[in-house]
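Some structures are shown below for you to check.
The two complexes that follow have chain A in common; it is paired with chain B in the first and with chain C in the second.
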Partner chain A sequence: MLKRSIHRISLVAATIISGAATVTHADEVTVGVLVPLTGELGEFGEIVANAVELGVAQVNAAGGTSCGMLRTVVADTGGNPELGIREATKMIEAEGAVALLGPTSGVMVALVDMAKRTETVVISPYAGTITLNELGGDFVYRTVSSDLGDGAASGLWLTERGYRTVAFLVQNEESTISPAQVARTKLENAGIELTDYVIYNPGQPSYQAELISVLANEPDAIYLAGGQESGVTVIKEATAGGFEGEWLFTADLAVPEIFDAAGAELLNGRAYVEFADADNSLPEYKAFESLHMDATGGEPGPFSANSFDMVNLVALSLESSGECSGTGINQTIRDVADGGEAVSSFAEGKAALAEGKDINYEGASGPLSFDESGTVSGSYSIQAAQEGQWVNVRFYPASAFE
Partner chain B sequence: MSLLAQYFVTGIATGSFLILATIGFSLTRQVEGFLNIAHAELLGVSAFITWGLNVLAGWPLLPSAAVAIVVTSVFGLVIARAVYDPIKKLGPAVLLITSVGVAYVIGGGVDAVVGTGIRTLDIPLATTYKFYGLRITNYQLMVIALAALTAVTLALFLNKTSTGLAIRAVAANPELAASRGVDVRKTSRATWLISSGLAGLAGVMLAMIATLSTDIAFHQILKILAVAILAGLGSLYSVILSGLIVGVAMDMSVYWIPAGYRPLIAFAIVIIVLLFRPQGLSGRKAA
Partner chain C sequence: MNFEALLVAVLTFGCLFSVLTLSLNLQYARGGMINFGTVAYFAVGAYAYAIVTQEPPSGLDQYLIGLNGPWWLGFLVAGAGAAGFAILTGWPTLRLRGEYLALTTFAFAEVLHSFLLNERGIGNGSVGLANVERPGISWADVPDSYVFAAAALLLMLATIIVYRRILASPYGRAMDAVRDDEMAAEAVGKDVARMRFEVFVISAVPIGFAGALYAMITTLVSPDLFTAEVTFFVWIALVLGGERTMLGAVLGTIVLVTFQEVVRGIPFETVRSAQIAASVEHMLTGAIFVIILRWQIFERISIARSQPA
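Moving on, here comes the complex of A and B:
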């Protein structure tokens, strides 16, 4: 807790200090880090901000881009789109940011118009919302796959486990309903009985009413697509109510804090979590993992590799285009991500570009290739709760869904 | 049928929590004459003090809860003295808008102190009892018992003590009460202490049954408003009836319609009742 607080204070201090110098130096190029540092998604925002800083340090250690060294300005959105727009405006207008990295789904969608109007590239490492399947692709990118992929992975896992009956508890948000629908279709096609499909509102003290029918039907498993606050209460109330089956959670619960909050004994041996994940068998991931361990002393968290990749893509795009602007990044980001000589770091890419070669950045989170909507195809992991921690039990590469 | 009865039982527990959350809010509304939106944030203050003492300091639940309720009570009075009293003469609309600002300040303060993520108390998992096939947990029973106990205690206090009678007199007609020798300022302070203490009690219940995030307290304000508006201005007994109606209706509605519409049910009831009874259940019109 203390460590986290100190870190947050340092991020705030970094914001204030960088905010004091509102004019970008000629030998610097500014990148905004727009993440939730408070609120329910604060844990993820910190992971993203740290991974971005790690990427920036690597880029600057390699001599920076031809536009200058990367400089970051950090702001907390709290996951709130309104606050996100306000902070983004400050970053672009006062700080001269050419790219904004790290917004969550709701903030990303709110920023689409601004990104195009101000010609500023916005990239998210975890915004899976399917709304971006329509809106993304021009100035708006993500280094994570769409939520629909999460639904397909969840459906695949629930089918593989051999459950006969499954109940769905889905938080009333677009980002949880969309993948749940995909998983539901997958189950129905596999002939698995769906005992309940409950969409609930978060922020309630109790979810007993939502659980009544679910518990009465005694399903083999519950698919719980919800946030941490609602998720923990649901887990406790369902267990107290006599639920003895297994769980499949979605990415919001893929954090170690769940074991403290819900109680490890309720989860061990019967809970699983699905989330978009880097292919950690790839050498690029292993190199990132080693770098992360050296820099922070800990293993990368969820979306850490995706966040690291955002910085490298921005830096390589700046290097490749030679135009130190969002437009320059937008024009070249697809080229540096796909086609040409494979490179796995900014330093390698910079050297290859200096030799006049085309490059193909192979990211820590996997091979990055943007589709029309600016989205990469993803791979997914299933982890099991064992002895109070999440342990990898299944990995679905992108090819599993073809 | 037993499923429907189960929804009813759960609804009683939901309604009891709403009573605890709303009764202090309604008391302030009656005596001070405005909707104190920051009331919901006081639930959060109490919940996080309870959590801090119980989890961080390792105190047992009861003393943690007692300290949280007392601190929240005094905190509510301090806010009233520092913020609301100086602008009281500007009228209820200004006070209401100011209370929205106070809610944001308290919420921001809790955010800054508590930080990100979720928190839970160090208490055992709920125990479920079964009566005639109907499930109820010990925590739900505690909420129901506390709501009943609070209502009875408050009723006795308001009817049998001089301070309670003074509060009722000021609520009914502050000018007349003052002319008859009631110390309006002292009565106002007593009201703030009691209403904030009741928010503190609801906050302890919130910490016990819910998973705490820094915004969960503010999420309760719409339901608090629904119960308070449905109750009207007349008496605190109508808050009890209103809380139970809203709680039972919200939970029983899940039997027929998707659970995502529960909040809609709360406000649908308010709208329907006010169409036929604009003064609310209590029958007294606003001045």
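Moving on, here comes the complex of A and C:
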């Protein structure tokens, strides 16, 4: 009996192992895609991973880098830092990844130490966390601006709308608290009354307790910095509790799924969302948009352009340094992103590098030049809920915050 | 899949979590105490290590204390901290029995989790403490991961030796007597309440050490890492391995970790396959549990190999 059970287990194990992907070939260079595919940020992870795949396909279609074709390995972190560290270790040690793309804020912070220790470049298209303002810059980069910018943009919008009273509902997570603090300061400076500043813990079946005082003060607007799961419950409960004002959400809720989950009728005409966004008027963005439409049949999602840029930066850095390692990328990524002949695709950059020129990659998400902490300055969009979808109403270019 | 990397990961996390399972085994199978708050002692160890070794706060940090001490001090304080927390929680709760004790220990763990999450002065709240110091031990060209795997193995072996000694001594026999019949044990002069308390505190120490080692390996402590999931993981490992033998506790944990690592060790080259794998993992885990529990594989192996120690 025991023998038979062991036999069965080994059969299961054999089935699993036989599903394993191919071993890296010498003419390939591996890039890890470390994103949340499950959990609260699952929808963003999917957008990012798909944009990375699109970028990799473009690079490989242009003949790949001098280190070989790009190969991706994809893993789900569920947004959990421990899983992120374990998956990252495997990608680096077992798969030989030279760069890891796509971690969320919490995972990104957890990976800083490992990135430097293992000399692997880690790039995120959406980790705005202000912790990276101090830790980033060496092996750790992002193609999105810091959360401080998000907070500033939210503050600007809330002031512009002319609200007299605003309540803050902020999920107890770093990625939501840090922009909220900046937005709060902006409001206080503008003389807008802050009726409540509530930090709540996600994962609760109900947020009635948090909403009691918020609703009692009848604010003109609620600034809700929360994840998708908690956000939907808060929206429903606040409406049921008689809230008639307007909403401003942060990037986590900038997905179309929110209309199904919360109910479009609760949002239409009174909800707005703020997120870091590419400058849609740039020719580089338009090129990316049409590429995306051709490849997937849909418009790019939030952070799609930022994700696409990560791949191009990595590929161009590999091409430029000629050294097929994380150290090589780390040494050249700043040069590739700034200074030299402007290029907007990997193919263009590769050609320019072949001619011995310096290049300046102008990304789909913006001009991309890294500051000391490996962060780019960004632009932001405000979208309004209209007839069950998000529609652009305001764009703040990077210059709006100077 | 790289088998060397897989082996190192299994050894590291398997041995590390085995320490928790062994301690739970001592508390439950030998001491008769149902502890559903194992994760709390683990978290206390990890946080104690981080606070002792962390540099004083600067810039955006919200934590208040960072002693910048050496790693060995952090490690010792982690064990002491876990014992301290066991004293604090054991004193009021150990008079409870069975499911009442289970509920109270679970509640204590949740309270600690909530405390770490909301009291930002301890460990930056939900952000946690990143870049926790690693001991600067390097033996020639041996990679860090091997050193930590060896450390986890050593910690597990040390735990086994200490527990074996305790259980083989007259004290261990007294423990068995208490578990089998409290009243009879009391009648022959054993202080039941005190024994239960002592076992509870002693078994928390290795969990604290394991917490410190875990903090060194992940270089991160945050409330996210210390949820009730850890407790359930350890309980599942204990149930899989079969209670009452140390070998069973270790085997159960290692199999559970191996399974996780094998599933996650498969490199997926497309987004779709990674998404499917994330969902299938849970189904497969359930199926394998059913198989193992139906035939009680590990319990048979451990009982065949060793008499219940």
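By definition in this document, the second predicted complex is superposed on the first by the 379 of 402 C-alpha atoms of A that agree within 3 Å, B and C clash if a C-alpha of one lies under 4 Å from a C-alpha of the other, contacts with A are read in each partner's own complex, and residues count from 1 in each chain.
One rule holds in what follows: contacts are C-beta pairs under 8 Å (C-beta built on N, C-alpha and C of every residue); 3 or more make two chains touch, one makes a residue touch a chain.
Quick caveat: nothing in here was measured; it's all calculated off a predicted structure.
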Between chain B (first) and chain C (second), which, if any, makes contact with A:Val391: first, second, both or neither?
-> neither
Using the superposition on chain A described above, determine whether A:Val74 touches chain B (first), chain C (second), both, or neither.
-> second
Kindly classify A:Asn201 by the partners it touches after superposition: chain B alone (first), chain C alone (second), both, or neither?
-> both
Mind working out whether A:Gly242 is in touch with chain B, chain C, both or neither, as first, second, both or neither?
-> first
Pick one for A:Glu43: touches chain B only (first), chain C only (second), both, or neither.
-> first
Of the two partner chains, chain B (first) and chain C (second), which one does A:Glu53 touch, if any: first, second, both, or neither?
-> second
Is A:Asn172 contacted by the first partner chain B, the second partner chain C, both or neither?
-> both
Using the superposition described at the top, list the residues of chain A that contact chain B and also contact chain C.
-> 1, 5, 8, 37-38, 46, 78, 172, 201
For the complex, which residues does chain A have touching chain B?
-> 1, 4-5, 8, 36-43, 45-46, 78, 172, 198-206, 208-210, 212-213, 215-216, 228-233, 236-237, 239-242, 257, 260-263, 266
Listed in rising order, chain A residues that touch chain C in their complex are 1-2, 5-6, 8-9, 12-13, 16-17, 19-21, 33, 37-38, 46, 49-50, 53, 71-76, 78, 80-83, 85-87, 89-91, 93-95, 106, 109-110, 112-114, 117, 130-131, 133-135, 172-174, 177, 201
Chain A partner, complex, touching residues on chain C are 1-2, 5-6, 9, 13, 59-60, 114, 117-118, 125-128, 130-131, 144-145, 218-220, 222, 224-225, 262-271, 273-275, 277-279, 284, 288, 291, 295, 297, 300
In their shared complex, at which residues does chain B touch chain A?
-> 3, 6-7, 10-11, 13-14, 17, 111, 115-120, 125-128, 135, 137, 140, 205-206, 209-216, 219-220, 250-251, 254, 258-260, 262-263
